[in-house]
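Pasting the structures here.
The same subunit A turns up in both complexes below, where it pairs with subunit B and then with subunit C.
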Partner chain A sequence: MELPAAAMRRVWLRSCGAASRPNVFPRGFLSNPASRRKCLSTSSRRSIAAAEIDFDGPQSAPPPSGDSLPERPQGAPVNLDRLRIVPASPSYFTARPNFTDDLLRLRQVLRRYEALPLAPPGSAPKVAWKTFGQYKGTSMEPVKVSRYNLILDVLKRLNQIHPSLVPEEVTEELSKFKRHVDPHAYKPPPPQLDQWGRAMSVGKRKSSVARVWLVEGEGEVLVNNKTLAQAFARVHDRESAIWPLKVTQRIDKYNVWALVHGGGTTGQAEALTLAVAKAMLTHEPLLKPVLRRAGCITRDPRRVERKKPGKLKARKMPAWVKR
Partner chain B sequence: MILRQLALRQGRRTLSAQSCRPWRRYLSSEVDRIEDSLQKSSQETHSIESMVNAHTKQSVPSIGNAIDATTEPGSMVEEWHLYQHMRNTIGRSGSDIMPHYKPHVLVNHPPGPAHISLELLLASQCHLGHSTSLWNPANSRYIFGVREGIHIISLEQTAAHLRRAAKIVREVCLRGGVVLFAGTRDGHERCVVKAAELAGGCHLFDRWTPGSITNGQQLLEHCRMKVVNEFDEEVPGFENQLQSMPVIKPDLVVCLNPLENFVLLRECGQNNIPTIGIIDTDADPSWVTYQIPANDDSLRSVQLVAGVLGRAGEEGQEARKKAAREGKITFRPPPHLEQPQAAAERPELEKGERVDPIEFMHGKRPQRADGAAKEEWGYGEA
Partner chain C sequence: MASIPVRPCLRRVSRALAESNPRDTHAHLTNPLRRWTGSTLPRASSSSPFSTSTRLAAAAAASSTRRTGSTLKISRKSNAPTSGGKPPGRGERKAFRKKIVLSNANALEVDGLGELSPRAVADPAAHCRVLALPGAVVDQLRLLGAFKPTQGWKYFRRPATLMRAESLRLASVVDGMAEGKEPFRAIVSGERGTGKSALLTQAMAMALLKNWVVISIPDPKDLILGHTDYAPLPDTEPQLYFQKAYTARLLYNTARANRDVLREHTVSQAHPGLPSSVSPDMTLDRFAQLGARDSDFAWPVFRALWAELTKPGLGRPPVMLALDGLASLAGPTEYLSADVKPIHALDLAQVRHFFEQLAGRSLGGPLAAEQRLPNGGAVLAALSQSERPPRTHTAAVELAVAQNEARAAAAEGPPARPYDRDIDHRVYDALREVRALKVGALSREEARALVEYYAKSGALMAPVSEAFLAEKLALAGGGVVGELERGTVRAGL
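So, the complex of A and B:
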């Protein structure tokens, strides 16, 4: 049967099922109230709410699952007719009940002791709190770092209470989140000379890495098995490589054996500066202020900046055109 | 001679070695050191106490109980206890303040359904709707009029709907239902938690994880359930049965900001879970089953509604427990619960052991280590 075009289209749409499910979810409708209004007024405002409860009807309370009641076993110690299955925590539907309960409990404790005086700023005890990984590992819950930081905020505020007035409850709550490790207790062993009197150290600059073995000697320098003149063509680079020795007038006191890789000439030379300075500190720690003033101690953190889209290099913009 | 007479008149202070003291006094506003002033003030307090105790029948609590010999004079502990003591004794002196609105009272001690009045709703700013250009015409039945460019919600409607919602919450709690109070805006946390606590239900004040009802088996699998008797005491022994029980769905959802929780309300609708929501003039009333036309932007208004519904739930819980004490059960027990002993007797599968359903169909049963079939596994011979 030949139908008019509009009717044909309606029949086709109905058969596809497109008209039966209007798009109530245009993208971004939740964020913009104006667009939300517009789309809701144009789309069919089909009710999404469930039916009303009929308290007086025959099926007054819909059964949780299934219909038949259990058979009462003979001589049963537990009366199954008087039992209910309920969530163990009121935070059940948050999908992270343990985390939510922890946060609520801490906030409640804070509210109770909010008026207590605080320790002078900066003098609160230094505490190593549980890391996010450690906290998340205790339970299989989808907790995010930002949410865990809420707990940390409350813990840090509770930690600020004046030490002489901290209640027992607060101490108990804080200890659940402490790592019980003194971060200042571990001190790495100081660098030492090996059995041949060498000090080994590493220095880096840009993408160059230099390993240096410094030993008392006559003033020989070998970089990648080459002399300083062969390794570095530029005089400035040669000077940079042994700058710590030059500044302290100890060029003829030490021998340098260096292995450098990565980067270019300047990077390698500056990496050597840092490495030689660190090795010298192993021999003579008292040289530190001198070397610091000479600029040999600080590791230069600058690296090559990446190229960005829309620019020719990291910062260079293409030539501006009017249109 | 003149000097000696001066000393006799002024006392020992003037003869003190610290001759620079007088000019320092003129320069600084603090006359004494903090420790000395504290000592003086505590001495004064004791003297005032003894005077008051001598003249009046009511005795003033002594400060000496909090501070003992071990507290250092001038320490933070002593200062704090002195401050507390002064607050307790003379803090209330002064003018009488008229009864006024205290925000924390609305959260901690909310009014019940019996206290709903138009004055209370008006004072809690429940009548303030949104700009007239932002309204949803489906809410026209709730709107009283227009003022200052905004719609005013009819408080008679609000009161009636709020009372209806309170009755629903009370009846659901009476029948042992799980009510979920959801309010995801800043500031909703406290009233939502309090309402859930009163009604014995659940709370949600952070983002609703989509699928917690429709895909609950996956999202809420790790959340613990418990089996309780009619007096809400937990009954142990059902842990292994609970592992195979389906995830709990709420029986009623109260949403304080439906505009931001469309997904939650839609999931409830798909699962036949009735919802109550605060419908402002720009919200869609068809999103919830039972509307409460009120202002959803004012914290005071939201806290009032949440508090009233929480109190209604509390009444329902009380009624349920009262019926339980009289031996009446107002709820339906779950259908597939077994006795804990019967379940324990059935040996569980060992860890990692799986039963292939096809092989099971063809008669293969889990084997014990010695090769014999686990006949007592409960399904009998093939």
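So, the complex of A and C:
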């Protein structure tokens, strides 16, 4: 595996023979949470490895230590033979150092601000966190969904801190995990009537899609250029199609011109219900509560359940056969 | 007369076999009781056919000698129904299905319900009114097959119809018809449930009230399905075929439905080839009955009756020819010719006669000399959307109707399709010039009148408001009367 450049740093070798010594933590050091926590602090890191060399800085100097390392004069060239490479992060040998660092850092921040008051339930700001795929793409590590959920748990808890009291540090940490485009921030422009006074809208149900143009009129309905009676043989389906107009007693106030495709008759009729209701809201937005109570606003998300291997249909099992 | 090959009917053959043989040919072997009685109780021993004692004794003996212990039982499906009482007899189911109920004692009497009368026929004020059919006319219409079992007559106290715009148009035709006027010929078209058959019924009712002679072919399917016998008409080129049983039935219904009118007219000319019992002073009613009684003379009598009715200068009444379901006649039939080819419907004499009257001109061939309604009259053929024959039959009719509808609306219709295989060009040529009378949705006023009549009859319980009417009209495809009835009367029952 290719090492990220930032993951390594160069330090002075303590001795010539030390180059061959593998730089490993003691056995069980990383699996023990206590020792892992210890390794986060700068001081503990220094105790493991020598301080980083600043090649260019004017004050670059060999680490202050009791070892008898040769003094390097100011501006003198660095003897690369006397350098060894050690990981930047103590999590390096966890195989997912970025993830481990992220999680530990977030937990530390949370521990620091755990006592802050929370926003009332349900009123925390809506945030679109990075999806698992996006996070995995940035960390370049084989992270599992369940691990990323650990991060998300902490993030959600941090997001619940009362908005007026959120510390700068928390805001900074949260912003690292937010999506660049916030879908919750997007508010579609309110639908408007076109120049001929038509409201256009789309409704869906099962695999049917209905497009409706609604205009003020006297109760004429055309579906795919056919009358309601020609388009739907079942009276129930016809009633479904104009149900939003009926519950609001507006059948003779509007004309409907619709195009429907896909699915069967029930799906098409109920797709029309949604489309007609949405188009009515363009004309009369105040009808929304009435239409919602009549069941014309909420899209029914159910689709045909897929067939599974080993089953005859979605759930039907083959007949039991002896032997 | 050429010999006619009989089409083998498997069902009939199997039925004949089943009747000649008992159902179970081995019953005398398998039934122990019959075997036993057959061996020890010879037929002579049961001397008295009215005494049951010997049979009872035999049965008791049979039961006592039956083997006890376990026997092999081969279960056999029993044809007898296990429960539910007596099954319906032969033809009962069909009779029930075809039953026409024209009154309902539970329906309310509608106050101020007008009646269709000779004076009211062409009254423009009758528009948007529901008018009842007079009792005598109902009986006549029933004989003419003008009522269909699927229509909703059974929901109301008495048969009544709405006078819509199309009805008034036909009413003015019937009212204004006189000798020498051009007869009204039209194909009644329209989408399903728009009231084409009901319009035909209204037209027939108005014609009967005006003392016309009405001849109706209510179910033309019967002519082409191969259910009635047929024979080649002698000395015809191209060969025509006549259906004597159907013609006899048609004459019977026509004579009974138009008895009063036909009684006023007598035979005016000699008709060669008819039995000598035809006398010059015979009424046309008796003349028609003659053909109805003896089916061998049915077709010649029908031709002669038509010649009598269409004779000018004798004050003969106008004639209305009505047919419901034109498209079933527009193509080959189930009958076979001598060289085992399907006979075209236009080669059936009865069908050809109707088509010539509908077209108002000769289609060539032996019937060409027939008179074309010089005393006035009407020829109406309705299309049927609920009984649609295959496209080979409907395509020609629909193309002709679409072209004629467009012509009536002064619009450009669909072009002729000479290379379309499904178009029957004989039919298309016959119908090309016939006007189309399109029946559409009801207007709002007509629909309101009808729905209020439903409410007054008690068939509709809901109060009739503007909103209610608007909803029912939208659900009924903008006022298709059949759908309107379905959504109001039938939905509540």
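Going forward, the second predicted complex is superposed on the first by the 163 of 323 C-alpha atoms of A that agree within 3 Å, B and C clash if a C-alpha of one lies under 4 Å from a C-alpha of the other, contacts with A are read in each partner's own complex, and residues count from 1 in each chain.
Just so we're on the same page, a contact is a pair of C-beta atoms (placed from the backbone, for glycine too) under 8 Å apart; a residue touches a chain by one contact, two chains touch by 3 or more.
Note that this is a predicted model, so its numbers are computed, not measured.
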item	value
Subunit A: partner with more touched residues, subunit B or subunit C	B
Which of subunit B and subunit C A:193 touches, first, second, both or neither	neither
Touching partner for A:239 - first (subunit B), second (subunit C), both, neither	second
Which of subunit B and subunit C A:152 touches, first, second, both or neither	neither
Contacts of A:221 with subunit B and subunit C, given as first, second, both or neither	second
First (subunit B), second (subunit C), both or neither touched by A:127	neither
Footprint overlap on subunit A, comparing subunit B with subunit C	none
List of subunit C residues in touch with subunit A within their complex	191, 193, 441, 466-467, 470-471, 473-478, 480, 483, 486-487, 491
Touching residues on subunit A, where the partner in the complex is subunit B	30, 33-34, 36-37, 40, 45-53, 55, 60-70, 73, 76-95, 97, 100, 104, 116-117, 139-142, 147, 162, 164-165
Touching residues on subunit A, where the partner in the complex is subunit C	218-221, 227-230, 235, 238-239, 242, 246, 249, 251-252
Subunit A-touching residues of subunit B, taken from the complex the two chains share	75-77, 79-80, 134, 136, 138, 168, 171-172, 175-178, 180, 193, 196-197, 201-204, 206, 208-209, 212, 219-220, 222-230, 235, 237, 242, 245-246, 248-252, 259-260, 262, 265-266, 268-275, 282, 284, 286-290, 324, 329, 331-342
